[in-house]
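What follows is a set of structures for review.
Shared chain: subunit A. Partners: subunit B in the first complex, subunit C in the second.
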Partner chain A sequence: MIRAGRLADTLIGLVPIALILLAWQAVHSAGLAPPALLPSPAAVFTRLAQQLGSPAYLEHAAATLYRLFAGFGLALAVGVALGVAATGSRAVGAVTGPIVRVLAPVPKIALYPAFILTLGFDDASKIAAVFVDAVFPILIATRQGTAVVEPKLAWSARAAGVSPARCLVTVVLPAALPSVLTGARIGLVISCIVVFLAEMITSTDGLGHLLVRAARNFQTVDMFVPLITISLLGLTLNAAFNALRARLLRGFPEES
Partner chain B sequence: MTRLPGIPGLAPLVAFAGLLAGWEVAARGIGIDGLPPASRALAEVPGILADPESLINIGASLYRMALGFALGVAVAVPVGLMMGRSRHVAAFFNPLLMVIYPVPKAALMPIIMLWLGVGDASKTLVIFLGVSLPVVYHSYQGGRAVEEKMLWSAAAMGMGAPARLLRIVLPAALPEILVGCRTGLVLALITMVTSEMIARQSGVGNILFNSLDMAQYDTVYAMIVIIGVLGLALDAAFERLRAALVGWAEPSQALMVGTT
Partner chain C sequence: MIAIDAVSKEFETKGGRRHLAIDDIGLAVADGEFVSILGPSGCGKSTLLYIVGGFVPPSRGSVTVGGKPVTGPGPDRGPVFQEFALFPWKTVLGNVMYGLQQQGVGRTQARERARALLAMVHLEGYESFYPKELSGGMKQRVAIARTLAYRPSILLMDEPFGALDAHTRTRLQNDLTEIWERDRKTVLFVTHSVEEAVFLSDRVVVMTRSPGRIKEIVTIDLPRPRDRVTLLLERRYQDHVVAIERMMDAQE
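Entry: the complex of A and B
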């Protein structure tokens, strides 16, 4: 019964996507839009398959992935460390709390010009842009997750003679893992988006650069391909992250 | 978040001053053209705000943002609430939203520009798309969490389905919806700036990047400060509105999510 319900839900969910593709094809076949403005779905997906097999395209994708993971990895390390420290020490909490409150609603992409000026046009400025955008959700989620950990857990560990710092890492952080992972997942999707935008604004390689290059040369088909690639990339990363989360959170009662 | 005891709102001000001081010290220590000290950048701010042309640009940006935000909320809240109340509607929209989510909305600019031109329409559409997703998501969560008994009582008293959605689900889900709107507001600002960076014609992002190209670094940093303060002010204003509307609900513990 439940399996059948899930299957039906999946089928229902495919309907709007199929409808969009159909409408796209219909507009194209009816000649409502010239192919220069809206290429046929077949042309776009053929081009996508072709590009995914071409080493040059994969090199651009690899450049994007490198920046994405470098920035996200840094954000994860710094965000989790600061979040735990802010819960563990009143002083750290008192300093980071207001700073986070001031910086979190600021549109971080506006800082990108500053990174270009200080770090140059290379990878470093893009990694920095990914880092500042991804670090806040991770930091805030870690802070909130560790703050609501059942105090008895920490008391028991402390009573058993564990030092406060060790207690934070071995008891509080694992107990806050669901919240930390939620923040990390949001950070990961944000990283995907920011790296693409940064490459669109100034870059000589990467998926975002391919989109801008195609736009300048008026190659409409090639404009769709990087966009579909980044969407697929986001979906894949999200699925991989969910699988990892399910493994890490085995035994947490309320997590599915 | 921790607050210093005493005057509320003092801690963020201290943090703000601290960040500016840190910037000033770092800039003087590093001493490169690309990073002017805070004092020089801040000295540019009054000049920009007094210049009618940049005021027109900022006004045009804000107009597009407000329009995109209003349209986004108007469409996303009903969709989200219906998703929350009906499993089939949720199953219908969920995969589509999952596919759209990781696409940078501002990256659609080049394609949308082909269809709608470089003007207000394409930028407003992009802002609309950026705002819609978080608002749909939070309205969905809010609609799903509505107490069933209230709906049963209303149905028993003869209230029809559309009236139930409007008079019970909407108010009950309002706190969660407003959390989504707050995220949407920050996103609207981000999408606005990014879309103007990509299609430079007018607006805040245009001033920012033109001064970057012309090596007017003080103006670049002044614009970054103006955009940052704009984000802070909008967020603070919305938080007051939220507190006034749904002061009865728990203060929002939601994550501030800044996707583009």
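Entry: the complex of A and C
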């Protein structure tokens, strides 16, 4: 029953995507846009298939993926650690609270030029850009999630002789996992966007760089290919994340 | 021994006003004694238990356990909360093993002890279930097993059988008396049921309406081990129940 329901949901979800592809094809066939600017879907997907078999293209994709995961991984580690520490220690909470509120709404991609100047054109500057943008939602969600954990869960652990610090890691953090994972998902989406943006602004490799290079040379087919690659990547990451989330939260009542 | 000395607790409420939850409670509980606390809802029974547990500091007064002042929670006092407070991300077995493993007991040994405790509360076969997959009464029994696991010498039980049907309740009361007869733990037991309090306790503390004060302490001089069915026919049991019921009614 549930399986069938999920399958139906997935199929319904595919309808808008199919409609966009149809509209794209229709605009192309009707000649509403010059073919030089808007290539046919068929041309783009053929090129995509070609590129996915080309080692050079895969190297660019790998560069993007590496920066994405390095930046996101750092953001996850730092965001969760700081968020938990802010709940556990009044001092850490007092120090991080205001600075997070000030910095969270700043579009941190604006810091990217500064990162290039200090960290160079290579991976480090892009990883830093992903990190600073992704760390905030993770930190905020962890902080808020851990702050509202039912005190009796922590009391149950403390009564068993567990130290406050250990209790924070073994009880408060796992109890806040639903909230932490929500923050992590937002951080992951932001990471995908920022790594692409950073590569578009200044880079010598990566999917974002390929897109800009193709656009500058009016190679419209090649411009669409990285775009579709990154959206497929996002789709895959999201599915993997959901699977992991379902597994980690299988004991929580609010998750089915 | 638990010595509760002139303990009061005031809570700050939202408007900056103070709310006196319990007022000037004094009570000494001997080692191995079973003491029940009865009182109307909101009179501060849970609050008193939290203060003895070291989870909440008193506003005035002090609590000592075995001569040492209580400054925080410790494995000598095992709480069983009104709301169970099981870890939702752990299985039944994981919940019971947690305290042992944190104390450095090896995995196999912790698992063995947890299994034995779960068998004692009649939950064998449910080891790999998650708390959300259990009924209220089963959750309560897991919570009891989890607390017994690290062998506290004092049990602080907050309406542990409140959410149970009459049948399960009776069975768990029998199990608890059995555990108590065997280990002679000191028990502070909060309940709303007069019969339960009289059946289980050496003494019953009756509290007043909020702010909670001690209204009366009744010594239950019934012989042990007690058998529930014989007790029901016993005149002294009936007298205690009726007397305490009257006390409770008098303050409505």
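In this text, the second predicted complex is superposed on the first by the 242 of 256 C-alpha atoms of A that agree within 3 Å, B and C clash if a C-alpha of one lies under 4 Å from a C-alpha of the other, contacts with A are read in each partner's own complex, and residues count from 1 in each chain.
One rule holds for everything that comes next: a residue touches a chain if its C-beta (ideal position, glycine included) is under 8 Å from a C-beta of that chain, and two chains touch if they have at least 3 such contacts.
Note that the structure is predicted; figures quoted are calculated from it, not measured.
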Point to revise | Superposition on subunit A - do subunit B and subunit C clash or fit | key: fit
Review point. With the two structures laid over each other on chain A, which partner does A:K152 touch: subunit B (first), subunit C (second), both, or neither?
Key: second
Exercise for review: Using the superposition on chain A described above, determine whether A:I190 touches subunit B (first), subunit C (second), both, or neither.
Suggested key: first
Exercise for review: Look at A:R250 in the shared chain and tell me whether it touches subunit B only, subunit C only, both, or neither; answer first, second, both or neither.
Suggested key: second
**Study point:** Partner chain(s) touched by A:P34 [first = subunit B, second = subunit C, both, neither]
**Key:** neither
Practice item. Have a look at where A:L14 lands relative to subunit B and subunit C in the superposition and call it first, second, both or neither. Key: first
Point to revise | Included angle at subunit A between vectors to subunit C and subunit B, based on C-alpha centres and rounded to the nearest 10 degrees | key: 100
Point to revise | subunit A residues touched - subunit C or subunit B, whichever exceeds | key: B
Review point. Smallest separation in Å between any Cα of subunit B and any Cα of subunit C in the superposed model?
Key: 14
Exercise for review: Sort out for me which residues of subunit C touch subunit A in the complex.
Suggested key: 50, 53, 55, 72-75, 77-79, 81, 83, 85, 87-91, 98-99, 102-103, 130-132, 146-147, 149-150, 152
Point to revise | Complex contacts: residues of subunit B adjacent to subunit A | key: 1-4, 11-12, 14-16, 18-19, 30, 32-35, 87-88, 91-96, 98-104, 106-108, 110-111, 114-115, 186, 189-190, 193-194, 197-198, 208-209, 212, 217, 220-221, 223-224, 227-228, 231-232, 234-235, 253, 255-260
Study note, to complete from the structure: Given the complex, residues on subunit A that touch subunit C span 150-153, 155-162, 166, 170-171, 174-175, 177, 248-253
Check your understanding: For the complex, which residues does subunit A have touching subunit B?
Key -> 8-10, 12-17, 20, 33, 37-38, 90, 93-94, 97-111, 113-114, 116-118, 133, 136-137, 140-141, 144, 182-183, 186, 189-190, 192-194, 196-197, 200-201, 208, 211-212, 214-215, 220, 223-224, 227, 230-231, 233-235, 237-238
